[in-house]
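Read from first to last, the chains carry the letters A, B, C and D; within each, the first residue is number 1.
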Amino acid sequence: MPIVLGDNQYGKAETHVVRVTKQGATHELKDLNVSVALAGDFAETHLTGDNSKVVPTDTQKNTVFAFARDPIGEIEDFGIRLARHFVSEFASVYRARVAIEERAWARIHVKGNPHDHAFVRQGSEKRLAMVTCTDDGTWVVAGLTDLVVLKSAGSEFHGYVKDRFTTLPETRDRIMATSLAARWRYRDAQADWAKSFAGVRRLLLEAFASKHSLSLQQTLYAMGSAVLEAHPEVAEIRMSMPNKHHFVVDLSPFGLANDNEVFYASDRPYGLIEGTVTRDDSPEPGLAW
Amino acid sequence: MPIVLGDNQYGKAETHVVRVTKQGATHELKDLNVSVALAGDFAETHLTGDNSKVVPTDTQKNTVFAFARDPIGEIEDFGIRLARHFVSEFASVYRARVAIEERAWARIHVKGNPHDHAFVRQGSEKRLAMVTCTDDGTWVVAGLTDLVVLKSAGSEFHGYVKDRFTTLPETRDRIMATSLAARWRYRDAQADWAKSFAGVRRLLLEAFASKHSLSLQQTLYAMGSAVLEAHPEVAEIRMSMPNKHHFVVDLSPFGLANDNEVFYASDRPYGLIEGTVTRDDSPEPGLAW
Amino acid sequence: MPIVLGDNQYGKAETHVVRVTKQGATHELKDLNVSVALAGDFAETHLTGDNSKVVPTDTQKNTVFAFARDPIGEIEDFGIRLARHFVSEFASVYRARVAIEERAWARIHVKGNPHDHAFVRQGSEKRLAMVTCTDDGTWVVAGLTDLVVLKSAGSEFHGYVKDRFTTLPETRDRIMATSLAARWRYRDAQADWAKSFAGVRRLLLEAFASKHSLSLQQTLYAMGSAVLEAHPEVAEIRMSMPNKHHFVVDLSPFGLANDNEVFYASDRPYGLIEGTVTRDDSPEPGLAW
Amino acid sequence: MPIVLGDNQYGKAETHVVRVTKQGATHELKDLNVSVALAGDFAETHLTGDNSKVVPTDTQKNTVFAFARDPIGEIEDFGIRLARHFVSEFASVYRARVAIEERAWARIHVKGNPHDHAFVRQGSEKRLAMVTCTDDGTWVVAGLTDLVVLKSAGSEFHGYVKDRFTTLPETRDRIMATSLAARWRYRDAQADWAKSFAGVRRLLLEAFASKHSLSLQQTLYAMGSAVLEAHPEVAEIRMSMPNKHHFVVDLSPFGLANDNEVFYASDRPYGLIEGTVTRDDSPEPGLAW
């Protein structure tokens, strides 16, 4: 039973590049965390330490910085340029994957006016892009993560299986909260990335808010199908939604009622709901994920 | 040299309470992380394990939840009510300190309209209150933390001490970025907390943006004095400002210029600038900190 | 292009259970973080909110606690019992996956003797098990994570591809450090789990230390093949090894030599090397991963 | 009410230096995270941006690396050398404080023998030193943090105050667990640091294990007084001990008894017990803390 090398990839992770674009006194800011992963003809370095086909991760980092000197554009485009570079430049690279996280910044307002070159970071939410390239194709996945949402009405949970380990009471009124991570695969490697992203994000929020929920799964599906209905360029969307439990505190020992007003927000354990919404005629995902 | 008990306090930390207030279909949300610390006549539990004067931390947690059933108001007020309760209710408690972190939530907009009961969390920034009570007084400190700001112009650093370990080049143009933590002490235990907080936060941002900076210390002082000038109710402000270094990437090996456009955002090490701005006639801080 | 539900699963994540086993005055401790994920006939809850086939995640949590009352044994066995329960008990569950992290504790020694019931936690390293069950089979993956290792000699890196973005100097002597995450798939769903784990962990450490390294990839492969050679019960091993860079500090501006003695340990960016070592006749992984 | 500058300090935080010492083929490893903070005549940089008395934090970082080229010794000694340097070298520096965290590494064993130059990191516990210097004195504080301990017997909690918010049942048998942070001040700026540290750490563990506990406060005091009794060089010890709650799971709904065997380990909220043990004739702390 000879031992063999299986799947492998390597690259430079988390190159944190900040790009300032200056139009006179007015500056724009891009804040990106870029991770590169290459796969290809790298058996030799594993088997013998012969690195003659290895593109050092340090070079990958330098490449990210050098490419950032040109206008970055949307992160999907930046990822495509980088991924194609690695595939086309190096014979040993069969597949390049570039994953980018973008943090948003807004202008600080001074006496009501947006400032030219001073910014405040917009929370923990991140916009994501993941681009995969080979000689045969380019796959683009976009997404967002750490979008924390909560609804204090319009959520029920009942009618579930009961067994000998069931103690959960059914409820017609609960808080539903999650920290959304969503990634969607585009049908083609070209689209109006900024417009698509804004549209998808808005629909995810609107569906979360509007859909009366009988389960977090139902909400997930409603969010995903709202996206697919309005965005033909999206082939598939995958979501991960931890159920951030908010338990009604029992105030009866203190002679107090608690009509779903005072909640204890629990950290662990948490429900974790993961699901995909797609089309029955979506193109194959190929190497997208 | 007999061994003795020195300073001590105890309490329940990080009770995460979420309060929903319902006015018909319209809900309001308060998301608080409350920590209580009590000091007083607690030598016996240390020395002999006699707990007859100990208010269990579990009871403190229950108290937070029970008090949250009444309208919470501003976190300074909620802290005052809680702290006074512990001091007045229990003879053994000499000093109660209640520290509260508040996370902000905004309404989700659906088709342009704010939703009644669906919310999205506003980033990592936290509003802070710390209230200290004894029979003799009440001290209120407010603050904010994790407010990340950056300016891509208007920041210089030169003219500093050079010794044999100095390699830093002087600069007339750099990125200045920090994650601001600020806490300010009020002159009295009553003020228009919401208005003060909004005003202080706005001035901190405006001064950061507007003040042409020759050092992060100068910016810190400008921010603090802007607050004190406009807010007579504030006796003192303390700020901690890590210098989140953004280094200009040397692209010359690749034949590229980099005129302060492409930066590497470094995590560690970082400068850490801490300072206080106060008044020469501020009342003594007492037990505020 | 009708919209359809794709892959989905749900469950309770991170139920943190601590089990004390008492033999007279002598106690044993198990510290487990258990995550359950179920897949199966759950389309209805997504599409209509009909939960009649849903086993609540709260029930899953209760089940973990209830099962922890029996002797836990090795985490692989505990995972098998839990996963089989969910598959066999509920018609709607096609596949159950149970992932467990175990933290190690050692006895505190008092005057040289191990204490009966007092323990100190052993660092950040975690032992892992992931068990997947259907009616047709059981797959067991074991692993470890956060095992941080470093060698200060016996590591070179040279002979790699150079292009216009290459600035990294070749080296015959560098620090090599990583935080190892390894997971290995067992050929069968039964083995001497504790003995296998101890053997694999020992071999991973020994190969890291002993193998003269020309690249982190070579070290990864050496570690994996050492495991497969000695452990016929292991079909495949997957490793993720971030290259935790330690850069030689340039002390020449201060008139000091630095012969690989003083290093700056960098956080980001980092190389990330991922690879699999397997056998050419390994059974198919099936649903193991 | 003129506005004035109050307390302030600045410095470079978290310079992560790894020092390899080579005696032939045998290497030793020191892994330190060093933070420097300077206070003194720094009003001008705050008020006008005149940096002529400012020692850049970048220079402080360089100094840490340059000083690391000499044998480091114990971290208390390294801190003293660094702190004295800043005070003696720069007229503007009145007070220098150097805080160091040390991570422990052990040799990897290969076939039972300790390896010359391969190491495995020892968990999350950190050894601490904090040295403060002025022209008038040197103060040394040592410590440790993230030492997680648990006892599954020998801990009771009862006899406490009951009020209308009390629901906690009294217990004669509970798990007591904490993540210990302890810092102790030395009487003088010279001692056998390594021996003192080892002795204090051992006594903290032994007292935690051995002392039958009626409250976490009693355990804290027992731990501190054990240290002071055996270590005359220690003037004072301060401890912070979060009560990491382990709740007995109610298995009665499942028809199962739970005689303190199955516990749920909770993250938040947690009790937080802080206390100091000192001597009635300890020298004043001065600038130690």
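The working rule: a contact is a pair of C-beta atoms (placed from the backbone, for glycine too) under 8 Å apart; a residue touches a chain by one contact, two chains touch by 3 or more.
What you see is a predicted model, and the numbers here were worked out from it, not measured in a lab.
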* To do: Using the touch definition from the top, list the chains contacting both subunit A and subunit B.
  => C, D
* **Pair exhibiting more inter-chain C-beta contacts, B-C or A-C** => A-C
* Asked: Do subunit B and subunit D face each other with the same patch, meaning over half of the contact numbers show up on both, or with different patches?
  -> same
* Tell me which chain's centre, taken as the mean of its C-alpha atoms, is farthest from subunit A. => D
* Structure fact -> Fit subunit C to subunit D (C-alpha, same chain sequence): the rotation, rounded to steps of 5 degrees, is 180
* Structure fact -> Chain-centre distance (mean CA atoms) for subunit C and subunit D, in whole Å, is 30
* Structure fact -> Averaging C-alpha coordinates per chain, one finds the centres of subunit A and subunit C separated by a number of Å equal to 23
* With chain centres defined as C-alpha means, what is the inter-centre distance between subunit B and subunit C in Å? -> 38
* Asked: Can you list the subunit D residues in contact with two or more other chains?
  -> 15-16, 62, 66, 165, 167, 253-254, 267-268
* **Graph class of chain-chain contacts, one of line, ring, star, complete, other** => complete
* Asked: Contact residues on subunit B for subunit C in the complex?
  -> 164-165, 167, 253-255, 267-268
* Taking the complex as given, what residues does subunit C use to touch subunit A? -> 1-16, 35, 37, 42, 45-59, 61-63, 66, 89-90, 92, 157-161, 163, 165-168, 213-218, 220-221, 224-225, 228-229, 232, 236, 238, 242-243, 268-282
* **Residue numbers on subunit A that touch subunit B, as the complex places them** => 15-22, 25, 27, 29, 31, 62, 65-66, 68-69, 105, 108-111, 115-125, 147-154, 175, 205-206, 208-210, 246, 249, 251, 253-254, 256, 258, 260-267
